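Have a look at this one.
The first chain written gets the first letter, and so on, giving A, B, C, D and E; residue counts start at 1 in each chain.
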Amino acid sequence: MTERPLALLPELLLLAGAVSTLLTGAFLPRERQWVARLVAAGALLAAVLATLPAVGERTTVYAHSYALDAGTTAARLLIPLAGLLVVGIAAGRVAGNRRETEFYVLTLLAVLGAVLLAGASDLLLLAVAYLLSSVPLAGLAGWGRDRRGAEAALKVYLVGALAGVGLLAGAALLTALGGGASDYDRLAAGLAGAPSTAVAVGVVGVLAGLLFKIGAVPGHFWVPDAVQGASIPAGALLTTVPKLGGLLAAYRLFAVAVPADVVDWPLLVAVLAAVTMTLGNFAAFGQADPRRLLAYSTVAQVGYLLMAVAVAGRAERALPALLVYLAGYAVTNLGAFAVLAAEPHDTLDDYRGLARRRPWLAATLVICLLGLVGTPPTAVFAGKLTVFTAAWDGGLAWLVVVAAVNTVASLFYYLRWLVPALSLPSGPRPLRPASPRGPRVVAVATAVAALLGAAGALPLAGLVEQTLQR
Amino acid sequence: MTLPMFLLLASALFSVGLYGALSQQAVVMVMMGLELMINGVVVAAAALWWFLAPQQPDGQVLVLVVIAAMTVEMAMGFAVVTLLFRSSDADMTDMAGELRG
Amino acid sequence: MTVALWALVVLPAVAGGPLLLGGRRADRVAPALALGVAALVAALAVAVAAARPAVDAPMMAGARWGLAVDGTAALVVPAVAVVALLVLGYAAAEIRSGRSRFHGLMLVFLAAVLLTATATTLPVLLLGWEVMGAMSYALIAHHWRRDDAVAAGGTAFLTTRAGDLGLYLAAGAGLAGGTLDLAGLAGLPPGWRDVAAAGVLAAGFGKAAQLPFSFWLSRAMLGPSPVSALLHSAAMVAMGGYLLVRLHPLLVASGWAVDVAAWGGALTALALGAVALAQSDLKQLLAASTSAQLGYVVLGAAVAPAGAVAHLIGHAATKALLFLAAGAWLSALGTRRLSALRGAGRRHPLVGAGFAVGALGLAGVPPLALWATKDEVLAGARERSPALYLVGLAGALLAALYAGRALAVVLRPVPPGVESGYDTERDGTRVVTPGQRGPLVPLAVGAAVLGVLALPPLSQAVADAVGSGPAPPTRIAELVLSGLLAVAGLTVAVAAPARPPAPGWARAWLGLDLAARLLVVRPTLALARGLARFDDRVLDRAVRAVPGAALGAARGLARFDDAGLDRAVGAVPAVTRRAADAVARLDDHGVHALVRRLARAARRLGVLARRPQTGLVHQYYVQVVLMLGAAVLILLLAR
Amino acid sequence: MLSLIVFTPLAVAVLLLCWRGLPARAVSWLWIAVTVVEVVAVLGVWWAYPGEGFAYEVDRPWIPGAGAGYHVGVDGLSLPLLALTTVVFAACAVYSLRRQPRPRQFAALFLALQTTCLGLFVSLDLILFFVFFDLSIVGMYAVIAGWGHGPQARRSALTFFLYTFLGSLALLLGFIGLYVAAAPHTFDMVALTRDPPTRGVAGALVLLAILLGLAIKTPTFPFHTWLPPAHTDAPAAGSAVLAGILLKMGTYGFVRIAMPVLPDAWRRHAWVVVVVGVVSVLYGALVALAQRSFKRMVAYTSVNHMGYVVLAVGAAGLVAGSDAQARAVAVTGAVTQMVSHGLITSALFLLAGVLYDRGGTYRMDAYGGLAGDTPRFAALTAVAAFASLGLPGFSGFIAEFQIFAGSLGSAPVAVAFALPGILVTAALFLWALHRVFLGPARHRLSATADVTAAETAAVLPLLALSLLIGVFPRLLLDVVEPAARAVTELVAR
Amino acid sequence: MVVVAFVVLALVAVASGVAVFTVDSMARATFALALSFVAVGGELLLLDLGYLGVVTVLMMVMEMAVMAVFMVMFMMNPAGLMPMSMLHNRRGALAVSVGVFVVLAAGSVLVPWPTRRGGPPADPTRALGEAIMGSKMLVMMSISAVLFATMVAALVLATARGRYDRADSPERP
């Protein structure tokens, strides 16, 4: 077994960052916790930097329980960056709060959990990573310690616990059926001849956990409630970080561990994708609260993302497509949340006249929401395009049609937010509500990223290309 | 003493726990239900290891992981309940139905 | 010389365009400019007629921008140019309002006519052809404040354009058959050749106001007299006949087309002769007679091209003369009604004399122009079939009768109290200016002598020019016969004091106008309105029904992951029922904005899709477990 | 070079957006300057165009992950439309010298829109094409929603957006289908044209998706219902661009993508296209005949005119028993019709804008005898109307003549049915002129109601160009005919 | 003999499990649950998983103790001794869970389980230890991270006052 502690340098950095952030915070006066923020940001950045040397590796470490490949590399780059953006969004909202430090610590841990989730190539590690990324979520959801926050935490926790049981049961079953080995490589070999009925139950069990992570049907119930109840930065994290980890984990699981000829998981995933996107889009209609609207939109987006998982291993572009879409989605979604954090309102109508008050914010909103629709030339468009292509290539043309129709439907509710934001204020011109700088910076930054996404997708895709070629 | 016997036991525990999780109102009771389900999982994991692949240690480690998970879940559960109780003076899931739609 | 040919077509166009848009500022110079250009054009026309150049330039794939002056054109082009010059001279004296517009239009029209006359390929021909129609619209509607005048212009344009569609067909056939040259049409493969022939016939009949298109000419009489004199006698309608003459080979090649053309012409000569006889309005009478005389041209185009050309030219002079005379009286006495024009000839002797010459010529009295030309056509007809000949003769007799009638009216002594009938159309000036009188003289001369074109030795030359083989030997007997016929009819008409019986169908131009209205215009408008309503209601509604369907689907979806099994059982009928009455409701609501529909439907969908999100954890649990069970089921069934 | 032409307007647009303090006049003049420069630049390209095949090609990888490249270039099909775009936008810029609300944003939006239109016509990569296609929709939505008049501008804009967005997604599906079917996978039009990927049923389905997308954009019956409301509520310049340029995107897609890339599917289903074309011709003409609002009428005539184009391209697909030259003529006519309709209809919509600006309504029976008070306005409108009804001497005639003459050989019956369309068009325009301008004065506008110099300067060039093409068609056909012949051969293979 | 033990323990485990939700006081429910766990621990011992069995028993007993304390602190009815029944959607829950049981039971009986590979190691506990120190090291490291995270999160959620608070300091959003 290859003991290369440095192979997991980014993960270790994250963990160390979490610990040191906590310690730093412990010795800081309440008003000067920004130091802790710096530490956390530094840790995230360090993790990203530590990844760069490892770009292009294709190996597994710790007795095949952890994979180092394109997927993990992308996760190690994307997830900490997303965490960085979340910290940026949070900067304005939680500054000076007496639990500010804890917020950053939990963020770091959630990021770590997501990365492990994405990298795990061992059912046991998957289960542990699942725990590691679930626990901070509940903590963050209830971080505000208000009534709604408590409810949010409760729902995250309960749904997560049930899904966790499913995951554990499934893991046990698959491990045993796979000849007692829990790492994917040997698992695939072992499952080849296993009784498919049992395998089906096991797969669904494991899938239950992952679906909860990524907030896809049927694991989606917590998403809207939690996002609405939790604080906005927490919401941003809940809808971004775990999805990144979970989707990559699902991709790895299906691409490596579960042979499609034992159980027809592509069909299952395709159906789940269709149901998820449809439910998310329809449920987003007529939401008055922008947070819920965004939450449901993330559900719908996961539906599209699952298309790439459904063709894992059957379309050679499935992984690049998934990564491109993930990157675009993360940036765009965080941008939308950043706008929300920069100017939080409880109803869509309160955004009337935003274009007058804060043109840059309005521009960001336009870019991000149209981006979520998939209007070119935004990042999500590049993602959608690649994912649709991959899905069609993988023989799921019907799913692509469903997704296209859904896209049209989604346009409708995004416009419900855009139209008031762009129209002139009805009454007397309202004074600009105070708006923290951090989120605004993040917003504009993400907007730029999202807009240049189609072009910006180039380096990432190129990276994936080369890593795949090695 | 065969695998199906153990699995039947596990199924029974699991189902009873599920019933509890579905039917109980008090959060703590729901947690108990989950505990019971995990309990079933423990039995199943152990039995599967013993009867199918005793040579690989993975099964054992899995049991360990499951127990650890159970503990963690418990701790988090207590924390959440405390929070719920403190913030909105409730210990029932039904009392937390404000976020919906 | 090629330059001359280009100039012939381009000059009036470039001179007319600016005048057209010049507005009131150009009013003063307009007549002089127009006259100058017309004179120049006349000179050029004579020149090219002598030199017969041909030019062409690339236009589009399969067709070149070709102009040429062949024998026929060499005869027609100068005639048209000269008549145009004279008419413009008259117009300079009469037209007072919107001069620059009027003269601009006249010049552009002239250009179009010359283009039509010299075109060698279908696109070019069509170009001039349609511009003529548009100009006639604008000229008829010269007094644009008058709704009836504008409507009349529209009728003229649309009716003639209906015929023009034929040319588009012909062009298509030509291209499909491989050529767009007029000369080549006769050589098309049979199927396409027939299509081309039919199209050409339609176009020719439309422009020449032959049956059943004649009615537009009647309404066109609302235009100023010079317009009637040029467009509706000498130039535009004549071009209808001219086209058929030029495409005589095509008609012959396709066989049946000859008979259609011949009989169409002959019947028009007969029927419109009767119509002319029944008119109580001088211009209407002349218009009807124009159709009738063009009937001879068309007949000739089928059976005796040379005669047709001769008749066309002679008629141009004669009818221009008559229209100008009528116009002179109209502007002087303010009326066109025959009853009121009694003795007009004596009141204005020179106009009266000119009119007399024209009328006698129209009647076919020897030795005036139309006597001989018509006879040459009839000779050709007789060779084809006796029946055709007889019909032609009958038409000639009618011509004599209505010509005589008009003549009798204007020449008899001025009755007392006739002034009471004046000024029905407008306030007359009571004077005919020299400018109006001048052009009558050369036209009268032309009307008198142009018959030589149809008599040896010139007839042979014309025949050679037209290229229709040797002219049929004209028998003296027939000449005498038709002459006697004309004189007899004339005397009868003059002698008969009372106005002849005028049956309603004849007075109303065979009710063609009404027929067109009932059979074409009304149905089209009704159809249009119906379609518009369909467009507003049904299509939008169809679009709106889509959300309805989606609604049904979504209800199904919502039901599917709804909490509790018992409900799921009863879902299906409920879904269908609700979807049904949803669609029904969509229909009941009549016309609404599509988007409001979409919005409402979408919101309903939203409500349905949100129902599972009850906010109660234990219901989430049930749903999760059920859905996971469903997932397992999928995996098990999908194997 | 092309990229410069395409993206200069966008750059200026960004500049305008950022430059808060710029006075309105300066904005207008800057805008006009840019558009005029664009016209000149495109003329330069035209002048240097070799006359055959693609020129100014640029091909760079763009999204390797998606196999999409930045591939642009012009040929005889796109060059005329490119020129048309610049001209129409210049006209809109001049026309908008009349004060608009929020002129800075208005100008910026139009410049951005110009970039999307130019980009669409030069793009030789399906995804690039789609990107511009979609962005044009967004831009036009913003124009209608932001500057539209009338109570339900928002709603019409939303209809337009949803409807055309649906179309664009159908298009995207089709493109993906092509990509997947091609071996090696590519979105490059040239490569796809070189060896057409799909055959059989798959080809039919892909063609269906693409046709749906293009038909909605064109629009043909029965997908045109978004058009009238969008036009009625759009500002004049917006309508001009919408009708003049955006509609062409659909028809351009036919000749650029559908025909060369899916030849045998096209051949097999060309009759459907022909039927749709004929129905659109008659339907559009008749419905327009029944309209009471001037602008709606013009909008429906667009359906009619686009119908001719569809008819022609469809007929070009009926290869059996018709000679290649005729089909080439039909395609040439189709392209000519795009240009001609772009010029004439833009002019008509700008004039409609004048009408609304003066009289406050589009209802024709509210006017009458305007020619007395506003002779120049009447003259311009009359010229535009006659040009639009296909009077020889204007570009419309050249186009329609070629379409009919070229299509008759392969689809005689269809053409016979479609021919009355030009008669109805003539009738409705004459009637409209009569109702609005001629006859006794029923509506007295202020003495200053006649068209201003700016408006004249905007409309006149469009009509002048139409006249120029009508009299000297070679100027246009020299470029179009080789490309049309090429397309015909591609379809026939 | 072993079978008998198994059956007895199984019956105890299930019965006490059922009891958890049928007894009318939360305290008793807790103890029932603990009993069920003990029984399961016994079952593990039958599979000579001594270590794991013991761990299970200890863990659970401890947790139950915590839970008991906990309920005394927070529940509506202190000491949870007075009768109570807090149920909802009983029929649904019963139907679902019975269904699940039938499916699982049928599965566990009917599924053709693969044959056993190799025999049990001489000392399972030792094997477990080696695995933890060896191939599954990363898993264990992660578990430690999990515990850390749990501490932080639980503290954030559960403790009313952060480090900085005196009692009077107001909450800040």
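FYI, a residue touches a chain if its C-beta (ideal position, glycine included) is under 8 Å from a C-beta of that chain, and two chains touch if they have at least 3 such contacts.
As the structure is a computational prediction, the values presented were derived from the model and not from experiment.
The set of chains touching subunit A and also touching subunit B is given as C, E.
Counted as hops between touching chains, the shortest connection from subunit B to subunit D is 2.
Taking the mean of each chain's C-alpha atoms, the chain whose centre lies closest to the overall C-alpha mean is D.
Of all chains, the one whose CA centroid is most distant from that of subunit D is E. By number of C-beta pairs in contact, chains B-E lead all other pairings. Distances between chain centres, each the mean of the C-alpha atoms, put C farthest from subunit A. One simple way to say how far apart two chains are is to compare their mean CA positions; for subunit B and subunit C this gives 92 Å. Taking each chain's centre as the mean of its C-alpha atoms, subunit A lies 30 Å from subunit E. Rounded to a whole number, the gap between the C-alpha centres of subunit C and subunit E is 98 angstrom. Rounded to a whole number, the gap between the C-alpha centres of subunit D and subunit E is 70 angstrom. Looking at subunit B, residues 14, 18, 21-23, 25, 30, 52-55, 58, 61, 65, 68, 72, 76, 79-80, 83, 86, 93-94, 96, 98-101 sit in touch with two or more other chains.
Annotation for subunit A: residues 124, 128, 131, 135, 138, 142, 145-146, 153-155, 158, 162, 177, 179-180, 197, 201, 224-225, 287, 412 touch two or more other chains. The residues of subunit E that reach two or more other chains are 88-89, 92-93, 96, 100, 107, 113-114, 117, 135-136, 139, 143, 146, 150, 153-157, listed in rising order. Under the contact rule stated at the top, the pairs of chains that touch are A-B, A-C, A-D, A-E, B-C, B-E, C-D, C-E.
Subunit D makes touch with subunit A in their complex at residues 61-68, 127, 130-131, 134-135, 138, 145-146, 154, 158, 161-162, 165-166, 169-170, 172-173, 176-177, 179-180, 185. Residues 554, 557, 561, 598-599, 602-603, 605-610, 612-613, 615, 617, 620-621, 623-624, 627-628, 631-632, 634-636, 638-639 of subunit C are the ones that touch subunit A when the two sit in their complex.
Interface residues of subunit E, counted against subunit A in their complex, comprise 107, 110-114, 117, 134-139, 142-143, 145-146, 148-150, 152-157, 162-165, 169, 171-173. By the touch criterion given at the top, residues 2-3, 6, 10, 13-14, 17-18, 20-21, 26, 29-30, 33, 36-37, 40, 43-44, 46-47, 49, 52, 55-56, 59, 63, 66-67, 70-71, 74-76, 86-90, 92-94, 96-98, 100-101, 104-105, 107-109, 113-114, 116-121, 124, 127-128, 130-132, 135-136, 139, 143, 146-147, 150, 153-158, 160 of subunit E touch subunit B in their complex.
Only residues 1, 8, 15, 18-19, 22, 26, 29-30, 61-63, 65-66, 96-99, 102, 105-106, 109, 112-113, 116, 122, 124-125, 128-129, 131-132, 135-136, 138-139, 142-146, 153, 177, 179-180, 193-195, 197-198, 201, 231 of subunit A touch subunit E when the two sit together in their complex.
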